[in-house]
Structure formats: structure tokens, C-alpha cells
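First, the structure itself, so that you have it in front of you.
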Amino acid sequence: MAYTQRIPVRFDDVDYAQIVYFPRLFGYCHWVFEDFFAKEVGHSYAQVLSKRRIAFPTVHSEADFQAPLRFGDVCRVVMDTVKLSKRSIANRYRLYLGETQRLCAKLELVTVPVGLDDFKPVELPEDIRVAFLNHLVGLTV
Amino acid sequence: MAYTQRIPVRFDDVDYAQIVYFPRLFGYCHWVFEDFFAKEVGHSYAQVLSKRRIAFPTVHSEADFQAPLRFGDVCRVVMDTVKLSKRSIANRYRLYLGETQRLCAKLELVTVPVGLDDFKPVELPEDIRVAFLNHLVGLTV
Amino acid sequence: MAYTQRIPVRFDDVDYAQIVYFPRLFGYCHWVFEDFFAKEVGHSYAQVLSKRRIAFPTVHSEADFQAPLRFGDVCRVVMDTVKLSKRSIANRYRLYLGETQRLCAKLELVTVPVGLDDFKPVELPEDIRVAFLNHLVGLTV
Amino acid sequence: MAYTQRIPVRFDDVDYAQIVYFPRLFGYCHWVFEDFFAKEVGHSYAQVLSKRRIAFPTVHSEADFQAPLRFGDVCRVVMDTVKLSKRSIANRYRLYLGETQRLCAKLELVTVPVGLDDFKPVELPEDIRVAFLNHLVGLTV
């Protein structure tokens, strides 16, 4: 089951071409990833980072940008997990124009849990793994 | 022959984990793409957009992030063109830590020329095509 | 009566010192200003700009930053209008740490309505003037 | 004697109104403040923060925004110190359109040295104080 969140396109999210500056779309996905923790893991992203000293750097991304988003639009982000292991999470984010089926962008981001202080890989804590597992559309590796 | 540009990692480029926030790296690549115009095309990116009414939205990206960049580092961006046609430009950006051979990230961005006012595809102007051709490492499609 | 809105401090809102990068606080205020339109004027900021061709550049600001905001905090922004005329709006934004009375920052921003296309001063439309008037704590000039 | 630095206005620095988003101008000033350290103090801002564990939060600002800066413009920032004590630095930043005398914005920012780890006020190190003193236009407090 996908996790959905809506993000309003802000006055300053657009560039000179008056469409959302594409690096910002990666930021939208990260905001959704952040909020997922409070809502689905039960601990805020800030708590996980500061208390458990774990970070989630992105190690790989692939993205298709099909249609522009503009100031005043609502970006509906539909996230699901496409691959999950003890060492990494691959999430797919589909960005739609408001409540329509118009797909504006599709991003896949692979993140790995590391120690916040030394950036060495660590195992994904069980409660976090389960939260993403609930949104898995593929197979667990 | 690759096109090289250096970008200092700023105080505000890093996130809570004190490494460059990964969407910002796409921004670094875009800055290099912008500056390429003034230096290699002979017309600034701003001039091309405002006078010729052409924009260059990114339609596809792939990226690997291998090592973090930190506040105070210099990010050396080495850009070359990996695919070029009348309708699209695919550039590869390798991001190194300062003057070392430590590769921090590798991004490939595909952009297409469109009309700034209607976002409909247009042909790549010849002077722009030639500038990227000079930095092509692959084959022209 | 003040207008209140809550903004979560994001992972990328903080700088190397791990507090909200102070220019971002001006951005927080602008987001509140934007959302005020949909909620209190009855037309979204995007609609006002794109349909009525009016923009609201900031011409003056004064700010005191008293305490840092950190990743994971909620920034409670309390906006009221301190001066209002047909040609300008002065809003005060008090930024509190969550639901506490701890004042982190106080910003005053003066904006003027201008034509979006020529940036020449225009009169504040009546519905917009009334919306801010409802939140005025000082006297109308 | 003023300290001068030039900043190109980027494709993504502008907002929907196609002028530099005003919070970004505070960022421009901060970039100038950062670079001042390497050039005039002799130690980079990153070194001062990470090695000496001192940070420089902004505690007060005043700004006038007189004319817009647009994509493709060069913003010439002229910084001088208007007030200096062992506990604070007040810098004035005048932002000009390229090499013209057209003043686009004038910002005054007061920063105080604090411990990076506890945010408690500390004395301004002598080499940093002297560097700003060399650019003082007012009187030392």
C-alpha cells in the first residue's frame, strides 16, 4: 500500500522558467521520507537521527521528469518501497499533479542506514524495516 | 575533452548530517551547465533563455553518490557529454573531492531544448550543439 | 487577531552549526504570507499573482534572532499586521518554539503591491486590504 | 576600506516573479561573510568553525530592498564593518547591479561569536577582530 503526501508548490520553488527547479523535486521526496517516520515508524526522523545516531544517505537515484509542476500546483507524492534489505531501502516516488492521474515525475531513491557519527553501514532497525515493509510492492531481498 | 569547474561547499549546503544535502548536488551540476554556456557557447545561459526563448528542462537523471562532501571542501565537477542529438543532450558530471581522484558522486542528466513559452520541443541551436559536441566522449546519435 | 501557522524544521533547513540557517527564517515568513491569501483573502497567492498580475516584493525588513531553532522543532509563526495603507503592508512575524512562549525570532517585513509585469506600484486591492486589516494591531495610515 | 565580491544571479535564485527571492539576498551576504575569512583573516570560515569551535549566528538584521536583481545579473556586494566590539560585529552590505552605481539592496547584519557546541557568547578572536577592523567605517565600541 502506497504512502501518500501532498506538497504545495511554493513561490520560491520555481526557477526562471517558472516551473519547479528539478533538484527541488528530490527535496520534495526527502520531505516525504522524513514525514514517513513520524507517521509510519512512530518516531520522528529527527528523533531517529539524534537519538539512535543513524543517518540515511542516498546512494543511488534514477528519475524521469515528464511534466512540469508550477507555482500554485499541489504535488501529490505517492511513495512505495520497491526493494528492501537489512542494508538498504529503495523507494519509488511518483509525483502527480494534484488529484489528477497526470504523472509529472517518477523518482527512485536508494538509501542506506549508516552511523551518523562515522558514516559506516549499520543494520536497518527492525521497527523501521517493518514500516517500509508495509509499503513494499516488490520482494524482500 | 572534459569541462571542469570548482564549487566551494557552503555553510548552508550541508544538512543536519553535516554533509552536502544530496539534492544540492543536482544544483551544483546545473550551475556548471549554466556557466558552460558563457564559457563554451559564447552566450550566457541567461541570454539564451531570455533572448532565444529556449529552456533546457531535465527529463531524466541517474546518479550514484559514493562519498560525502563536507563544508569547506571544494567540489571539482568534471562534465562531459555522453550522448548528443538534435533533440537532447546527455551530460555526465563526475564530482571529485578537491584536486584528489576521490570520486564523490557521478550524475548523468538528460536535458531537452524546448520553447520557454510553450515547453514544446525545439531543435538544439547549432552553436550550442557544437559546444557540447566538443566535449562529447561517446557517439553522436 | 493574530494569524498563526506551524512550520516543521526540516533536515535541510539547518546549516553546519545545526540550527536553522537564518535566511530560511525569512522564507518561513514568506510561506506564511503566501498561505494567508488562501485562508484569509479567499484567493490563493498563486491566483492573485497569475490572474491579477500583482506581486508583493519586500522593500524593508527588520529582524531580531533570539534563540536557535533546530531540526525536529516546530516553528510556530504568529503573524499580525502592524501598519497598513493603500500602498504597503507591514507585517510582524513572531517565531516561537512549538507551543511554548519561547520567542526565537521576531521579523518585520514591509511589502508593497506592484504590477507583476512592470514592477510599478499599484493600489492594494480591497479584498486583500480588508484581510490584513482584520489582523491589524496598530493604526491604519 | 570596503571588501568587494561579485555573485552571479543563478537560474534558481529567482522566484515566480522572476527576481531574486529576497531571503536569498541574505544568503548572498552570508557567502561574502564566509569568503572574507579565507581572504582577509587568513583562515577559512570552515576552519574557524570546525577547528576553533566558534560560530557566528546573526542576531539582528535591517534591510532595504530598492531594486530587483534578475537572472543573469551580477550582484556586486560591497561589505564594510560599521560597528565592532569584542562581542559583536555589525557589517553593512550594499548590493549593486554589476559595475553600475545602481544600489539594489542595503543590508546590515549583526553577528556574535559563540561556542559552536554550546552557543554561549565568546570573545572575538584577535585575528578575526583585526580583519574586520581593517574594514571599519565607524568607531570601535
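Note that the chains are named A, B, C and D in the order they appear, and that numbering of residues resets to 1 at the start of each chain.
One rule holds for everything that comes next: a residue touches a chain if its C-beta (ideal position, glycine included) is under 8 Å from a C-beta of that chain, and two chains touch if they have at least 3 such contacts.
Fair warning: this is a prediction, and the values are worked out from it, not measured in the lab.
A.B. asks: Work out which chains are contact partners of both chain B and chain C.
C.D. replies: A, D
A.B. asks: Between chain B and chain D, how many steps is the shortest route if every step has to go to a touching chain?
C.D. replies: Tracing touching chains, the least step count from chain B to chain D comes to 1.
A.B. asks: For the copies chain A and chain D, give the interface type as same if over half of its residue numbers appear on both sides, and as different if under half do.
C.D. replies: Same-residue interface.
A.B. asks: Looking only at C-beta pairs that count as contacts, which pair of chains has more of them, A-C or C-D?
C.D. replies: The comparison resolves to C-D.
A.B. asks: Can you work out the rotation angle that lays chain A over chain B using Cα coordinates, in steps of 5 degrees?
C.D. replies: 180
A.B. asks: Average the CA atoms of each chain to get its centre, and name the chain whose centre is farthest from that of chain B.
C.D. replies: Farthest from chain B by mean C-alpha position: C.
A.B. asks: Distance-wise, how many Å sit between the C-alpha centres of chain C and chain D, to the nearest whole number?
C.D. replies: 23
A.B. asks: With chain centres taken as the means of their Cα atoms, state the distance from chain A to chain D in Å.
C.D. replies: Roughly 34 Å, centre to centre.
A.B. asks: Using mean CA coordinates as chain centres, what's the chain A-chain C distance in Å?
C.D. replies: Comparing mean C-alpha positions, chain C is 28 Å from chain A.
A.B. asks: Chain C: which residues touch two or more other chains?
C.D. replies: 11-12, 16-17, 21, 23, 27, 30, 46, 49, 71
A.B. asks: What part of chain C is in contact with chain A in the complex they form?
C.D. replies: 10-12, 27, 30-31, 34, 44-47, 49-50, 71-72
A.B. asks: Where on chain B does chain A make contact in their complex?
C.D. replies: Its residues touching chain A are 16-17, 19, 21-24, 26-27, 30, 46, 49, 55, 57-66, 68, 116, 119.
A.B. asks: For chain A, which residues count as touching chain D in their complex?
C.D. replies: Listed in rising order, the residues are 11-12, 14-18, 21, 23, 71.
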